[in-house]
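Heads up, the next two complexes both have chain A, just with different partners, chain B and then chain C.
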Partner chain A sequence: MSAIPTVQPTNLHAEKRIVKRFRDYAWGFIFLLPAIVVFCVFLWLPIAKGIYFSFMNVDFVKGNLFVGLAHYREIFQSGVVALAARNTLYYMLLGLLIGYWIPSVVAIALSELRWFQGSMRLIVYLPNIVPAVVLYGMWQYLYDPLGPLNQILSWFGIDKVMWLTDKGLAMISIVITESWQSFGTATLIYLAGIIGIPKDLYEAAEIDGAGVLQRIRHITIPGIRHLYVLLFILQIIGTSQGFMTHVALTGGGPNNATLTYMYLITNEAFVNLNFGKASAMGVIMFVVMTTVSIILYSIQGRSKRA
Partner chain B sequence: MSKESRERSIMSDTDFRKPQVKIGYGVMLLALAALALTMLYPFGTTIFSSLKTRQEVFTYPPSFFPKQLMFENYMEGFRYIDLGRAFANTALLYAGNVLIPLTVIGLAAFSMSQMKLPFRRALTMFFMSTLMIPSATYLIPSFLNLQNLGLIDSYWAFWLAGGANAFSIMLVKSFFDGIHKELFEAARIDGASELRCFFQLALPLSKPVFATLMILTFTNTWNDWYWPSLVISTPEKLPIAPLVYKNIISSMNMPMNIKFSVLTIIMAPPLLFFAIFQKNIVHGLNLSGVKG
Partner chain C sequence: MKKRGLAAVTVMLALLLLISACSGNNAGNQAGNQPANDSKNNEESSAPPASETEAPKEVTITAQYAKPDNPVAMSVIDDRIERFKALYPHVTVEKNDWQYAPQEIGIKMAAKQAPSFFNTFATEGNTLVGRGWAADLTSFMANYQHANDLNPTLTSAFEFDGKQYALPDSAYIFMVMINKKLFEAKNVPLPTPDWTWDDLYEAAKATADPDKGIAGFASMAKGPEGGWNWTNFLYQAGGEAQKVEGGKVVSTFQSEAGVKAMEFLKKLRWEANVLPENWALNYGDTYNLFKQGRAAIVLGDSGRIEDAVNNGGMNKDDLLLLPMPAMEAGGEHVGVLGGNYFIINPQEAPEVQQAAFDFVTMDFFSDSGIEAVRKDLEARKAEGKIKAPPVAEYFDPNSEFGKKMQALYAEYPETVYVTDPDVVALTKGKPEPAYNAQDYYAVITNVMQEVFINKDADVKALLEQAASKFDADVLSKVVVE
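Right, the complex of A and B next:
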């Protein structure tokens, strides 16, 4: 050992450096290892398997059979898939019309509230704490043909409304239920943004003669613009995959009017046991959502710079 | 609050003297009152219906307050499904969901925030890009994957997979980033091992972020019904939400008053939890929303 260093000093130096670097990195890597394993086994492996299965006929007894693009061809020609995609878009649109803009208006009103602001924040957030299964139980009863909502309508002389069994209404009812639950979170996020707007802006605008509504239009709303964009993105990503409330309240009916794309995937897998086709539908969802996210995030980036 | 100490908001006190502003403000107050009523009414029907007799729930027009209080409904609810065992199952599931995934997440976040690491950018991408992939893509293959691993009908399916959560890693890492690096360097010079740095320095300093994650985990464990109802096949092993879904929400012939008594029971713990940890929950909300 003692003779070698004089002969090959650079080599040994490099070797030492590698050993030292390895020792330096070893602990960092060991700490990260459980997470890497878990991500590989429970996220990346299923994602890879999903792509693989989409070209296969999955059969637990006879074994998998390669079918090429057959599932994809079937999906693009299927009327039910097209219907489910249309329903999903309609559901996303309703979510924007009913659930998206109200929280910001409520947040502006709450920020102006001089009494009971704390209790109102609490009340608005309460529905968020209700577990999903309780939410379904509540609204099954509220939407019952003989239930409280129809009773309230009858005070105004309006006839019985079939909230969950009318083709045109079922999806709207589902969106109302979900908006009732989710709207507190959005309201509190907007409220935090509104409270952060510097108050001297309002002072200056008032001195210049701007009315209350003008101040809201030109100071408050631009001040929370980034939140509008953020919550828009979150809502689009969330509602594009919605299906659980549909499962619980309408079962996809009446006549497939509330069958969403994601719902169809689970039906394809767990009712028809066609796992290959379900996986292919998931891959298509991935391609569409990645494209949409890239567009949305570039919009968000632009709004941040503006 | 006294008038002097109140900070102005959009409206000033001068605005308040104008009649049209007063009318507008009055309309706003009415709208907010209606909103509060809409938010609270479903809670009212659920709780009061759970105390009604079987006939009273279905009288038309429905009554809001019960005519007589039927506390027996709750006893019957406990008899109708085995809520006691479901509570125990959920508690066990929650304990594991906290212990195992939060350890995995904490170690990973500490490594990425405070330790020397090769290929840092690639590893960050490895974790964070999973956030971009819709769950629709891996829901079905995940189920088949669990089947292959022999984890169907086992709580390990939740305990092991729970660590695969990039959002939590990001949250904890951003908290660790706020701790001064010098603190750990000093400890290392004094001969502390990395494990000691993590367990005796980083963890005690990050109680708030782990409290937030424990609350989020509680909400998820308590509320999630779809995935557990797929993974757990033995009825005796079901946690509370899928059990209630299978036996109560999708059951047509269940007496309404008993149904509402069970719903009230399972709504109570999250409400209590919220009452206790209100500050942390709102803090977590701000973390997820405003910083995003």
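Right, the complex of A and C next:
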């Protein structure tokens, strides 16, 4: 008596479920594939390679040599790295003090304009489209000891200010330059948020006799509160990696006063050709920034739920 | 759900690490820790040449080309490429206008995109040879008829373990470039070639006009080039940047001579107030300031004279080249000796390396080389441009070829800027530091910047601090062979 093969109904159902799931998601996966490939090649693989290189003495010709945690030990014992990290924190703080609040103020002011709002939006965004070479050339001219800023100060009997060669002022000058250049984008994001606030709230407030300041305080600012957190996170991430303006305006000087952590990484990689150590510094930065982002996003999530 | 997400991320990261580890530099790993230069390449390249009946293999070389803003150099290279093609029809020459930069060479080599040959400076010897980024020229030199005619003063910078890793191009010795117009404007007599630090101080003070933004003296002080400038004063004071002691390299720039050199710059900055108010100048800034008539005295060489006239619109009669001032009367007029060299890319196949070697040496010691220079001089004459030959070139100036070149220069008195022979006679060149020169320059620049921002800076303490840190961080890792 031969056994009759029987199909297990549970297995059949499982297979059907998988096929159905595949059919449901197939097109989604196919559409996602290019993005996954691009992210893999240009983002995730470099991150993984950075981690791998951080344990190596990288030599593209003679071959890499495993050095374990040597680069990390060197980084944590280095005085220059500590100085660059301090400078970066100072730069981030200055960015918050000088540049963070401007876009929201400008966006609120723009939203209150009854005429020329479109033109003003364009004007506000213009600094963003100035090519970097022109921008740095312009600010070098503005900051020159004989430049326009010092000329204006001289009208008020104020002595020349050494914007870029004074140890105490150089970083502030850099932050002013960057705030001017990048506040347009943040302004547009705030403005989009303000436009999204229902109009009837404002109409109701006006009927109730609320003035401009009251409208801003009780409707506009609460309405874009989530954007404050988002742009705070973006600013922290952006400024922690700042180095371009420092290269162009001060070269990290005077005497390392504007040397940031990212600037040091690029120096380590492209001047000292020590790609292993530079990768290790990058990994440390990656870990710190990921941690900071997770904390900030969880705070944002909590504030949204509240 | 959270756990599943975390697991997925961990698996992804592990997978990527695995992929990246596996996809590492296979070529490099195979090479392991072999000597800097691929011995296989050299063996192959030194193999006997193919028989005359055998057609040479078609090869393509990438020749270093000039940037579009230098039409004079472009036409010179174009002419050379045409003549090379006629001589070596099996070689295709592609142009590549990448110019050597220390911060880019690593990427070029990693991406295998460096040209077949490139021009670099004397300080790069240890880096390029140590990392295996310069081909060993021994096999090519063995078949080169003028191997022994190259200027020995220049070849030594790229000689390691008795092997030659570069072909010399030209050399410079730092001198001082003066804008005579600014001296005339203030009725200040021009310094004489036997001048001293005190004379420089007085001349700079007399010509400076801070209200008009005119500096009496401008030194680079923004990037590593600041240390490069300062080393001239260190040498004049009789100092050295480093020495080898018990098989280790140690800094010596913090010596008494170093203190004197830095004190002199401090005096120029705070006592004489002759530096530009924005003293943080890089290489380009310094010479732009000079070309704008905003600096009376800068450090330079014949190449900077050429640039000031050809690209800065200055009149060569308004310019004066003097030797470096001596620290004291009767002292030596020492300037940093540097040079430019041709490197053959070791990543190229042996036959490509040979073609690149042939391209570089095509005009060396030949009538075609003389003719090429003549053609260049004619073109410059027609355009009202000048040529200021470097203080030393690949050939010995006293050789037969050297004399031919001098005779050619003499035919173009209006086009060729000849440095005063008295100035040349007084000038003494001293090579740049042999180990980690660019790092050393960067360290010195930081000290300079502190001195320039702090009137009460303790020069001796700053130099000692910089030296001990530099020794610990950098020089202690140098292996002296």
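Please note the rule applied: the second predicted complex is superposed on the first by the 245 of 306 C-alpha atoms of A that agree within 3 Å, B and C clash if a C-alpha of one lies under 4 Å from a C-alpha of the other, contacts with A are read in each partner's own complex, and residues count from 1 in each chain.
The criterion applied here is as follows: contacts are C-beta pairs under 8 Å (C-beta built on N, C-alpha and C of every residue); 3 or more make two chains touch, one makes a residue touch a chain.
From a predicted model like this one, the values you see are computed outputs, not experimental measurements.
In the superposition on chain A, contact of A:270 is made with both chain B and chain C. More residues of chain A are touched by B (comparison of chain B with chain C).
When the two complexes are overlaid on their common chain A, residue A:47 makes contact with chain B and with chain C alike. By the document's definition of touching, neither partner reaches A:97: not chain B, not chain C. By the touch criterion defined above, A:188 reaches chain B but does not reach chain C. Residue contacts after overlaying the shared chain place A:112 against chain B, while chain C stays out of touching range. By the touch criterion defined above, A:82 reaches neither chain B nor chain C. Look at A:204: by the touch rule set out above, it reaches neither chain B nor chain C. In the overlay built on the shared chain, the residue A:146 is in contact with chain B and with chain C. In the superposition on chain A, A:299 makes contact with neither chain B nor chain C.
Common to the chain B and chain C contact sets on chain A are residues 44-45, 47, 49, 146, 269-270, 275. Every residue of chain B that touches chain A in the complex is listed here, in rising order: 6-12, 14-15, 21, 24-25, 28-29, 31-32, 35-36, 38-43, 45-46, 49, 58, 60-62, 64, 103-105, 107-108, 110-112, 115-118, 123, 126-127, 130, 132-145, 149, 160-161, 163-164, 166, 169, 194, 198, 222-226, 230, 241, 244-245, 248-250, 256, 259-260, 263, 266-267, 270-271, 274, 278, 282, 285-286, 289-290, 292. Within the complex formed with chain A, the chain C residues making contact are 12-13, 16-17, 19-21, 24-25, 27-34, 36, 102-107, 109-110, 127, 131-133, 213, 222-223, 276-280, 282, 346-347, 438-439, 442, 445-447, 449-450, 452-453, 469, 473. Of all residues in chain A, those touching chain C in their complex are 40, 44-45, 47-49, 51-52, 59-65, 78-79, 143-146, 160, 162, 164-167, 250-251, 253-256, 269-273, 275. The touching residues of chain A, when paired with chain B in their complex, are 21, 24-25, 27-29, 31-32, 34-36, 38-39, 41-47, 49-50, 53, 58, 106, 108-114, 120, 122-124, 126-127, 129-134, 136-142, 146-148, 151, 154, 180, 184-185, 188-189, 192-193, 199, 202-203, 206, 212, 215-216, 219-220, 227, 230, 237, 240-241, 244, 247-248, 261-262, 265-266, 269-270, 275, 278-279, 281-283, 285-286, 289-290, 293.
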